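Multiple structures are listed underneath, in structure tokens.
Heads up, the next two complexes both have chain A, just with different partners, chain B and then chain C.
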Partner chain A sequence: MKIQINGRWYEAREGEMVLDVLRREGIDVPALCAHEAVEPYGACRLCMVEITHEDWGGWKGNVTSCLYPVEDKLIVQTHTEDIIELRKTVLNLLLARCPNSPEIQKLASEYGIDTTSFVPREDADNCIMCGLCTRVCTQMGFNAISVAGRGYGREIATPLKEAPPDCVGCLACVKICPTHHIQYEDIGTTREIWGRQFELVKCKQCGKALITREFADYLIENRDIPADYFDICDDCKRSGTARDFKKLVHWEEKEEAEEEVSA
Partner chain B sequence: MECEMKIDSPDKLNAWKEECLQKDAKLKKKVMVCFGPGCLAAGCREIYAKFEEILAERKLGDITLESFKKTGCHGLCEKGPLVVIEPEGIFYNRVRTSQVKDIVEKTLAKGEIIERLLYKNPKTKERVLKYHDIDFYKKQTRLALRNLGHIDPDNIEDYVMRDGYQSVAKVLTGMTPEEVIDEVKLSGIRGRGGGGFPAGRKWATCRGVESDVRYVICNGDEGDPGAFMDRSIMEGDPHSVLEGMIVASYAVGARDAYIYVREEYPLAVQHLYQAIDDAKEHGFLGENIMGTDFSLDIHISRGGGAFVCGESSALMKSVAGEVGEPRAKYIHSVVKGLWDKPTVLNNVETFANIPLIMNKGGDWFRSIGTEKSTGTKAFSLVGKVENTGLIEVPMGTTLREIIYDIGGGIKDGRKFKAVQTGGPSGGCLPEDKLDLPVDFDTLTKAGSMMGSGGMIVMDDHTCMVDVAKYFLKFLVDESCGKDVPCREGLYQLHKMVVKVTEGKASEADLQLMEHLSKYIIMGSLCGLGKSGPNPFLSTVRYFRDEYLAHIIDKKCPGGVCRDLIRFEINDKCTGCTACIAPCPVDAITGEKDKIHILDQEKCTKCGACYAVCQFDAIDII
Partner chain C sequence: MTKRFLIRPALCIGCRTCELACSLTHQENKKPGRSRIYPIAVGREQWVPIACLQCDDPACVKSCLVDALRLNEELGYIELLQERCIKCRACVAACPFGCSLIDEEQEIIVKCDLCEGNPACARFCPTKALEYK
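Our next item is the complex of A and B:
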């Protein structure tokens, strides 16, 4: 099927969301809570676009492109006056929530907002409540963190705000966080995240810390990975392979030399 | 329960109804003690206990404890506790436990009327003897509330006697699901939860979706401050809700249905469980209802008290055991709802109307109300009116008729200022909108909405900015916080309204508030955010002067916002000393018969002196 974006026609596939097409085609629409690893959510509202269709009798609407499924001949406008003003308002509000976040500052300034018109949050942190961390945690199968509370007091929290029993220290939440809010620390062979400490598995060859014991065990048990897979780190595995390869090459050279001699 | 058998045919149902009627006819008198929310608060439990106590010692001939019924809400909550004596319809209000003995000895034993317990018409000051002669009731048309106050909600026989479960018999044994849907479509009934979507169309769409499983849900998560229509129906007539749900489930092809009810309504939960048990026992629920192939179970899902769970998609998540958060509804829940299956969700009041539509026909129903909003609507009329309570009027009734004819006008002869309809995200309408007919479309056009039926009347001592502040705070607290415009936007909007009430806002702030409101509406994910700025927008639309008075003159015309008012004692003061003791900070001094003095330094502007002064001697400036 084809959809029209800002006057040009693009190919779209059944089951895709409008944002998938926008991203594939490199059309610049901001989105802070959408990530290909997780289901769309619709929390940041930045990816809103205007849609219409020739069969809709002139009806137009504003929808979040991350959640709107494509349909044939859908007509999309990504930068109408109202849409731009909405993004400005959202960024203005986010800047009040997270005044110190470089990512939010940069995005807001792209939309011409350098200081917020609203009251900045006291004790502000950099969490924009996009929910990517909780969704990826669910997707990984752990459900170690969740949203707690509601309204302005909503927060990302561990059960009872204690060290989360279901966390395996995989760092998926850290890596997906768009504002680098979630922190962790690796000291020696210990990892600390969400107030819980994990022992890291050391490479049997080079001694480098790799992955938490809990995460390794989870993967071995659930993802059809050999039990000794995490004994040696990727680097050591690679250099091992390289060594073997070298031996092979040397062996061939030796063979050839012997053949020549015998000839 | 005498009737142990399953009612598996219309004939059996009619025979049972006849039996119940005969049994009822044997009761020479019936004493209906209102157990509605208002009367419970006013102490009806003690009244009932007193009747029991007296009856235990005193023989009254035909009148036994069976004659005493704990009913649902009679409606005139202002005057509770209420006791109605049938068949005469003698209406006793504000009954005290000390008066119970009199009722037994005089009215029940000798048929004498106790004058001082009768309702007094606030306008004519005359006592009114009978229920139906009271203005409050005379002007109402009670359909959804038809049984409230007339039956014991825990007694299925009372319900059957008043045509209960007749529609189930009629529909299951004589109509196809399509015919049922056509009848509902013909009636024109629109969803009473506030959305106003035509119920018949909803049912038809759901039935039309290819699926092995479909669900029906009743939304009993009424959470608007001051609203208790659904609560009263669930408490006072739970079988009518079940009956409507059975018909709906048959029409759309559901095998399981759910009632989502707030945990804060313990009596509703209790009565619904009882009703489900009784309905099951008599074969109105369970396998092969009315001897047909149709089977249905109704389950109760108890909500934890989040306002946003009244939103359909959040409600379905909550029923499924997930966090109650709305989702985008680009795919409607009639197609993909509870557990991703096609789901019909209607409100308590909508379901309560369904049996009537089935029994009397869609044409009959659409003859009531207006062309586009058919039937009646229940409202909880609260605030500064003489007769607060639960009412039901035909659609198209004007606000003026509701407030002045039924509500008896503004309390204490004060002046009307505004009426708030549609719950927290509804809006406030001023005096010149009083002649608007109440229906779905008119109220929306005027900047408010029908909502589920909350109606709060305000007098001239109300500050409209303060009202906006109150409702915005409610929404800030109740927003789930999922999306940015609703979570951050409403919070900032509320902060700015607070700034207005403190006299610290500028006209530029007002512009920013209007701008922000526009984009909260455009950007929010669910109905809560999309209507969230309404408390501000409707008040600024109709009472802009009041905002400007706060901003420019630094005055609060309603005399409410503490930062902008001060209390002063004028020369009407008689020196009665009544205001001295209530002052919590000892700011008032004075001797008897001399004008008192108020120390502005000490005064916290709590208004305690103003409330007790009988001589209008305290001015709010």
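Our next item is the complex of A and C:
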């Protein structure tokens, strides 16, 4: 099927959202709470676009593109005056919530907002409450963190604000957070996140560490991966593979090939 | 029939042209990517080029909890969907051949994608140690 975006036609696939097409085609629409690894959520409202269709008798509307499924001949406008105003309002609010976030400052200034017209939050952190971290943690099957509190005091937290028993220290939440709010620290082969400490699995040959013991154990138990796969790091496994293959190679082929070339 | 990626280590001269070709083919933001293939010295004048073996029962796919890795049936390779990947490194740790890699420069996870059907390493290998046919 085809959809029209800002006057040009683009290919779209059954079942995808308008935002998927916008991203694939590199059309610049801000979208802070959408990531392909998780289901869309519609929380940040920055991805709003205007839609219409020739069969809709002139009806137009503004929708969140991350939640709106494509349909054939849909007509999309990404930067109408209304939409730009909506995004400005959202960014103005976000800037009050997270005045110190470089990502929010940058996006807001792209829409001409350098200071918020609201009262900035006191002791502000950089969490925009997009819920990407909790959603990815749930998607991965850990459910270690969630939204706690209500209204103004809402925050992402661990159960009872203690070291989370179900966390495996995979860092998915850290990596997905659009504003780099979630902190962690690796010191040697110890990782600390959400107030809990993890040991990283050390390569038996060179000592390099890739993931935590808890994450590896989860994959061994639930994903049917042999335990010894995690004993050695990727670098040492490549070298080992090359040494294993060495035994299978007919090295005489080399001289034969060289003779062919010189003949 | 889908083509196959053939490696004949006996013909490899360790010139590392494949690494360069791979790197330049996988540029992002005008920066070369990390090569997905490595000719590894295993003896005097002996090298074995190592890249993803596109396993039948891939540990990387099983280890990915957000389905960012899957078999691309049309081209017969294990595809990493970059937009889905959350860089947890499970696949890097799980691949028994060490062929899911961290590209530190680009801050992403990468693996051989057979250049989506036209492997640059095989095209540039001067000795036909790598072929795709």
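FYI, the second predicted complex is superposed on the first by the 239 of 263 C-alpha atoms of A that agree within 3 Å, B and C clash if a C-alpha of one lies under 4 Å from a C-alpha of the other, contacts with A are read in each partner's own complex, and residues count from 1 in each chain.
Rule of thumb we're sticking to: a contact is a pair of C-beta atoms (placed from the backbone, for glycine too) under 8 Å apart; a residue touches a chain by one contact, two chains touch by 3 or more.
Note that the structure is predicted; figures quoted are calculated from it, not measured.
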Item to check | chain B versus chain C as contact partner of A:E85, first or second or both or neither | outcome: first
Checklist entry - Of the two partner chains, chain B (first) and chain C (second), which one does A:I182 touch, if any: first, second, both, or neither? => result neither
Checklist outcome for this item: Per residue count on chain A, the busier partner among chain B and chain C is C
Next on the checklist: A:M140 in the overlay: touching chain B, chain C, both, or neither? Say first, second, both or neither.
Outcome noted: second
Item to check | Partner chain(s) touched by A:D234 [first = chain B, second = chain C, both, neither] | outcome: second
Next on the checklist: Let me test your reading of the model: by the given contact rule, A:P69 touches which partner, first (chain B), second (chain C), both or neither?
Outcome noted: first
Next on the checklist: Under the stated touch criterion, which partner chain does A:R154 make contact with: chain B (first), chain C (second), both, or neither?
Outcome noted: first
Item to check | Intersection of chain A interface sets (partners chain B, chain C) | outcome: none
Next on the checklist: Under the stated contact criterion, what part of chain A meets chain B in this complex?
Outcome noted: 41-45, 48, 62-64, 67-69, 82, 85-86, 89-90, 93-94, 96-97, 117-119, 128-129, 131, 146-147, 149-154
Item to check | Parts of chain B lying in touch with chain A, wherever the complex brings them together | outcome: 306, 308, 323, 327-328, 330-331, 476-485, 487-489, 491-492, 495, 512, 515-516, 519-520, 522-525
Item to check | Residue ranges of chain C in contact with chain A within the complex | outcome: 8-11, 38, 40, 42-43, 46-48, 50, 59, 62-63, 65-66, 68, 81, 83-90, 92-102, 127
Item to check | Contact set on chain A toward chain C in their complex | outcome: 23, 35-38, 136, 139-141, 170-172, 175-176, 201, 210-211, 215-216, 219, 223-226, 229-230, 232-243, 245-246, 249-254, 257
